[in-house]
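Working notes, beginning with the structure itself.
By written order: A, B, C, D and E. Residues from 1 in each chain.
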Amino acid sequence: MQYLFYLFAAISVLSALLVVGARNPVNSVISLIVCFLSIAGHYILLNAQFLAMVHIIVYTGAIMVLFLFVIMLLNLNKSTEPSKTLLTRIAAVTAGALFLFTLLGALRQGVHIAAAKEFDGNTGLVKSVGQSLFSDFLLPFEVSSVLFLSAMIGAVMLGRKDRSPREDAPARPEPSERRTKKIPA
Amino acid sequence: MEGMMTAIRVIPLEHYIVLSFILFSIGMAGALFRRNTIIILMCLELMFNSVNLLLAAFSAHHSDPGGQVFVFFIMLVAAAEVTVGLAILVMMKRNVDSVDINQLNRLKW
Amino acid sequence: MVNLPLHVALVPGLPLLGALVIAALRGKLKGNAAGLLATTMIGLSFVVSAILFLHYDKTGGANVVKFFDWIHIGGMDVPFALQIDSLSLTMMLIVTGVGTLIHLYSIGYMHDDKRVSTFFACLNLFTFAMLLLVMGANFVITFIGWEGVGLCSYLLIGFWYTKPAYNYAARKAFVMNRIGDVGFVLALALLFSRLGTLNYIEVFDRAGTLSVEMVTVVTLLLFVGAIGKSAQLPLFTWLPDAMAGPTPVSALIHAATMVTAGIFLLVRSSALFSLAPFTQDVVLWTGLITALLTASIGVFQNDIKKVLAYSTVSQLGLMFVALGLGAYSAAMFHVTTHAFFKALLFLGAGSVIHALGGEQDIRKMGGLKGVTKITYVTFLIGTLAIAGIPGFSGFFSKDAILMAAYQEHPMLYAATMAVSLLTCFYMFRLLFLTFFGGYRGKAHPHESPAVMTVPLMVLAVLSVAGGLLNLPHLFGGHEPMKHYLETAAEGITGEHNYLSASTEWMLMGITVGLILLTILLAYNRFVKKTTLDPEPEDLPMLSRLIARKWMVDELYAFLWERPYGWLSTQFHGILERKVMVPVMLGAGRWTQKAGKAARMLQNGNMSFYLFGMVVGIVVFLMITLYAG
Amino acid sequence: MSALILTSVLGVLLLYLGLFGQKKLLVPVGVLGLLAAIGLFVMDRSINVPMFAHMVSFDRAGWLFSCGMLVVTVLIFLFGADYYARQEENVAEQYALMIFSLTGALLLTSYTNLLMLFLGIEILSIPLYIMAGGKRDSMRSSEASFKYFLLGSFASAFLLMGIALIYGVAASFDLGVVKEVALRQLVQPDILFTLGCFFVAIGLSFKVAAAPFHFWSPDVYEGSPTLITAFMSTVVKMAAFIGLYRFVGITQMPPTLGKALLVMTIFTLMIGNIVALRQSHFKRLMAYSSIAHSGFLLMAVLSQAPNTAQVLFYYTFTYSLATVGLFILMTLAKRAANGDEHIRIFRGLFRAKPWLGVVMLLLMLSLAGIPLTAGFVAKYQIFLLAIGADLIKTTVFAVLMALVGIYYYAVVIREAFTPSEEAPALVVSPVNLLLISVCGISVVLFGLLPGYLQ
Amino acid sequence: MLLIALLLVPFLAAAVLLVARPDGAARTIALLSSFITAALAILLWVRYPGNNVTLLDLAWMPSWGLRFTVGYDGTGLLFLLLTGLMFPFIIGAGRSEGADRPALVNALLLFTQSALFGVFMAQNAFLFYIFYELSLVPLFFLLLFWGSAVPGRLGSAKAVTMRFFIYTLLGGLALLFAIAYCVVQEPSHSADFNALHALRLPGDVQIWLFWALFLAFAVKLPIFPFHSWQPDTYTSAPLQGTMVLGGVLLKMGLFGILRFVLPIVPEGVEFWRSTVIWMALIGALYAGIIAFRQRDLKRLVAYSSLSHVGLLCAGLFAQNTYGISGSLYQAFAHAVLVVCMLYLVGAIQRRTGTTDLEAMGGLKHRAPRLAALFFLVMLNAVALPLTQSFVGEWLMFNGLWQRDGWMAFAAVTTIILGAIYMLYAYQRVMLGPENAKLPQAGDADQHDHLVLVPLIAVSLVLGVFPAPVLNLLDGSVQQMLSTFTALY
């Protein structure tokens, strides 16, 4: 069991690093999917079956596909991304590492979180989660509909193609061109 | 399945926490590291997932389904956010013709 | 009988009224109206003073007339009160008496001036201020007069305001007076803080309670005030310059009255000065050095008024010597006689100037005794008086000072003697060059009108007879002035004459002999050969130095005026413009610069933003984890 | 609570109106709906019980903030009538999104569960991300939108991490439980709890635009449509602060975290005020000013006095009134100046329209904190709170920064009162005139009679 | 009710002017209003019962210590009187011909007056502060609209205005902080002066709080080295603006020191007294020396005011009967003086077309009456006895002497400096040979007489009969001092 945990952990960390490191965006997406799958594995290890399912469906099935879709749509599936300067990269890595080590250093004080008195193996099952969701968490559940509605509106509003072709220039030209710097085409 | 139930009892909670922190940090560093905005978005997803993992672990630890419900909500929100985010990205790509984060600097100072 | 408050109020009130009326009707007074009005006012004031004098009972001490509370707050009570006692009466009579004559004279002298009304208004105002000075029942009232006379002096020196040099002289006079005033004010503040009062009577009553150091400080400060007003070293240079004013002004203000205010103040506060031997020494030496220095300068002056001016300073120095010696009555006596003969001399000089159409250089005069007979005779009397020829008033008063000096130390006597010999020399030089020999100028001299000559004659009489006011025992007199003043100035009571009659006779003989010799010398030099001094540049070393007034003006310009201008420029140019203002502007500019720099953080690059946020998070995380 | 439902439904209703092309009805219906919501709040003002299994509870502070936000939204809606007059598409969507965002804000005023905090923030934010990109063909707008989105999500991740850690310690998302745990911390501190609080605080600091999490705000303020900027700098700010206040109040803030936040406060005050000095673009200026005001508000939050909520409300509400008024004024001036947003567009305002000039003066003085305006009373209260909490040095610093702040407000005032060669041709619709006047008069009125907002 | 009327009359008049903009009648309306307020102020004086009066006390924002409490004592009355009496002249100083937007000018002046009345009648620190800051706003506009550029870096009217505004607010905010601090420390969170005066803060707190309180007034007065904003501002500001600034506004600083600094932080005052007095005196000397080399007449007046003000502050901090009452008396004299001097500057500028001293001279030939008026004003400026200034300075010298002889010495030295630069200025402007380059020079007209003569009369009459004002001060100052002594 422990070995499975460490295996999944190693896979998730490595694939996460790959997400960051891959030159080609498609490779990144695939690494991320691997990472998510390993996280799903953790969920299963934790006996969070409902979560594992939803996770695979939502993340791997929907979100990542969406990512791929956009990459294809925008024709980004080439490793054309100019890399950042070395300095920025070092700074980024340093910042990340510093952050991590500070957190880990904090953990050295020890975590004393008492487990539940009575361990309940059914916690992560669909039934238990569903009960909780539709009793205690009813309001959030309802309210999140507002969230989705806005997200939908947003997607439609922003993603829709212009009624008039872009070449016709905007109705009102961007007026405050106070900086003359041109955007490279 | 009975055997698997004990994962949280075998693996110390700290390990979950550490794993989660590592993933979180990788996501964070990745957001700084890359210029491609789509990859930055993916890094953000990674950060969310590290939180999800942590919540799931706590949830199991406490035997409280609430944490897992929360993860569910995070997924909801993440989905909504990604939708909006990608829509904005597409719009931006149309306007600016780039997804390079360094090209996004018309607004400054 | 005498309504005391009314009469006392009238004395300064009349000239004030005159000044106000004339000022108000400035444009409307024609011809001599202003002069007549002013003269009437001061004449009436003299009459009232005389009435007061006659009715004053000196055994009764001082009569204080309080009019109203002036500054009254907390424990400070400065009433507007005037004091009648023998000292103030003496001064009142001198001021109004000599003043009346000079006013009268001015009618003639200023006849042609367009701003004659202004002149008389100022003159009347001056009289008012001078009367306040001498009549004040407390130091502060005296100070009002003190400042008032300074102001009028300023106005009158700069009367002909079109000439920048005159304006400069006026300013110089005022500022130098102000320097003295600092001492005066500080003395008053100190006195008040120690005694809680500034009324003369109370102050002198309580003077004994002060420690010697305190009295010394107070008296020194008072003396600083006196130095300014009476033009002593180091503040004497304004007085010769003050001759820029019309001659009657020089006579009244810069010879007879205002400049003696310092003497008056010291006599008035003799109760304090008697307690401070150190101050007395300071007074003595200051007076002596001033007297010697300025007398020597007088020898080389070619401006008729300048000679008289230096002579005035020198005589004032002698008076201070007397004061320093504690011979208050001698000083007052000399003040009185000096008022007579110096006014006479100045007016005479004015008459000469008038006769010559404004010429003041004695090298361009000469031989006037035939043309301006009255002027000549009166001027001669004045010269004899100041030279100390026996029988004339100056002889008695100066002799009193010389005796007092001898009593202190023979060397002191020698020094004062030197002063009087120098005086004698330059006065006769002046007389000879002006009235003897042949006329060297181009104008057409003529005698002055009666309105000018009458005052000359009156003053000439006084110059001759003034000695009777304080005729010493030696000549069968009873020193009436000294006894009269005793009640007012405590210091006088303490004076004693230790000299035997024979010593006095001997000294007097020496004095007279030397003076006669000096006159002879002058006669040889200026009448027989008519030696005219060349320009200072052509004189030998020492003489050149003296002719250039010991370079004191230059020294002051170097020591004070130029540094002050420099300081002002530097303060403004460097401290203000380079430090204070830039610091003020800099605070703003640096903030702006900081803003400009901080603005660069907002570079539009999202990676940088993210990086910034992460750095922030890490820093705050560290604070959260490890601070505490 | 019924108000919460009403607002959600109102959003949907507006969408339908848009669908059926009833553009003219949008504002009236929206305003009526919002007024009705205010009415419902007023009726429910005495109900202060946790609802929906301890998810929300409108206490006094929540009630005040809710009403305040509704009022400000009404003003912005009315302003929108003119603002969107010439725009044809997506108007209904914009209004609806604003209402949805408002719903999120209302949740933030009243959450009693960390999940509601998270959802509230997201519901508040996601519509904002979209609205910021409302001008679809504008590069600036889309850039603003994307920046806001990306940085916002980044911050959300930290917020979530924080919530997760708190959950780890408390085993519950309920704030009641969290509060008990927080009290236990005094005896037995737990590093995870501290970390959790820290991360949540960071996430919320992003929303209030505290430095160094402020980077989004100037860019987003500038790029977004002015109406949205107005909404962002008012309602969103109020929501973010009440959210932060509630969180800080319940967790009691571990002392070291308090120190970190104090540093952040100082930094915020400095960045906001000092950078604003060099701004000549009005919206960016307002953004930095908003950051600066966040600094002052953070001081109040940190002071943790019994009446902090009231002060926060007074401050944010009056600040919102002034800001809305100024953005309306700017829109008018901008139109007259052909879309320029530099502060020079105000030049000659006083000559051209004296009343507008005076109102502008009042609003700016209120932001600057000059007496007899509400802004002054607000700042004074903040100082009192901070001194009461013994934050003397911070207060001194804040005072200095307030001075710097006065400078750049005065610069704008100076522009408005400097005569220009050609008077700006301002066209003011009656509604806008009314709005501006209401804002101008109310900042003075509330400054004179602050009791009415307590 | 009188106090409220004092507040409202100018305010309403200003509002009327602002709304109706009757440019033609603006000056008349403003003058009318100022005459009414002057009459009211005098009425207040007549009715003054001789002790502290609180006339109105309304709860305003009690939880924050803010009450609308107005009243006055002898010192407050002095300042109310001063404000009431100076404004008719300040407003009257404006010329009707060729004025730019007179309605606006007069409205702004009246607003300032209203705020000033507020400051001087406030019995609550917070209320004081509100009016204190409020008085700045109209001045900001006066300077902005009608200011002129001054030479030097950042010398544009705009920049000078901003500097003035920011630097005075720097002090203002420090004061706000200090008030807030005191209110928090006060058990009942009251900001009433009575409560604050009874407050006894720990010594070490007082030592730093002193500066927070003092800074506001030090900048306002201004005291060396916080003065750098002043000369430029005075020079740049329109004449009436400078009159308000120098004549009345800076008196708020003195009043503030009296109300805040001395009673609230007595130990702080004790600790810093010599520092502050020396600062003030050095400033007085420094400004006096600098004034001598000013080419611009207005700037010279600015520095002379700076010099006088240093003395005022020193006198106040001497904190004894003579120091305080002298300083307050001198405050009155200074107001009269500044208004006169500035009016003269304007009159001279109108005749010579310049304020550059180097370019002037000989004006007396053409304008002898003006010269006479200038001279009389100058007498007051150099504190000649029997002028108002002398009484004040005399008392201050005595007060300072009781603290320290050297302080008194430094203070007295200023009378020399004053004589030097004032006489210099007079000579440069008026005296000297006739100047042919004065085209429009005419003698003082009726307008000049109407403004200057009453003011000069006041300065002379109060120099000879200072009793009415001194009596007004005596009781209050004694009472104040007894409170101070009680505090130790």
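As a convention for this text, a residue touches a chain if its C-beta (ideal position, glycine included) is under 8 Å from a C-beta of that chain, and two chains touch if they have at least 3 such contacts.
Predicted model only: the values in this text are computed from it and were never measured.
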{"item": "Centroid-based (C-alpha) most distant chain relative to chain D", "value": "C"}
{"item": "Whole-Å gap separating chain C and chain D, where each centre is the average of the chain's CA atoms", "value": "78"}
{"item": "Averaged-CA centre spacing for the pair chain E and chain B, given as whole angstrom", "value": "66"}
{"item": "Distance from the mean Cα position of chain D to that of chain A, given in whole angstrom", "value": "28"}
{"item": "Cα-centroid distance, chain A relative to chain E, in whole angstrom", "value": "67"}
{"item": "Two or more partner chains touched - positions in chain E", "value": "166"}
{"item": "Touching two or more other chains - residues of chain B", "value": "13, 17, 27-28, 31-32, 35, 41, 58, 61-62, 64, 66, 69, 73, 77, 80-81, 84, 87-89, 91, 96, 102, 104, 106-109"}
{"item": "Contacts with two or more other chains, residues of chain C listed in rising order", "value": "588, 599, 602, 604, 606-607, 610-611, 614-615, 617, 621, 625"}
{"item": "Pairs of chains, among all present, that meet the touch criterion", "value": "A-B, A-C, A-D, B-C, B-D, C-D, C-E, D-E"}
{"item": "Residue numbers on chain D that touch chain B, as the complex places them", "value": "115, 118-119, 122, 126, 129-130, 133, 136-140, 142-147, 149-150, 153-154, 156-157, 160-161, 163-165, 167-168, 171-173, 192, 218-220, 222-223, 284"}
{"item": "Partner chain C, residues of chain D touching it in the complex", "value": "147, 150-151, 154-155, 158, 191, 194-195, 198, 202, 206, 211-213, 215-216, 218-219, 254-257, 259-261, 263-264, 270-271, 274-279, 404, 407"}
{"item": "Residue ranges of chain A in contact with chain C within the complex", "value": "84, 88, 91-92, 95-96, 98-99, 102-103, 105-106"}
{"item": "Residues of chain E touching chain D in the complex", "value": "61, 63-64, 126, 129-134, 136-137, 140-141, 144-145, 158, 161-162, 165-166, 169-170, 173-174, 176-177, 180-181, 183-184"}
{"item": "Complex contacts: residues of chain B adjacent to chain D", "value": "13, 17, 20, 24, 27-28, 31, 37, 40-41, 44, 47-48, 50-51, 54-55, 58, 61-62, 64, 66-67, 69-70, 73-74, 77, 80-81, 84-85, 87-89, 91-92, 95-96, 104, 106-109"}
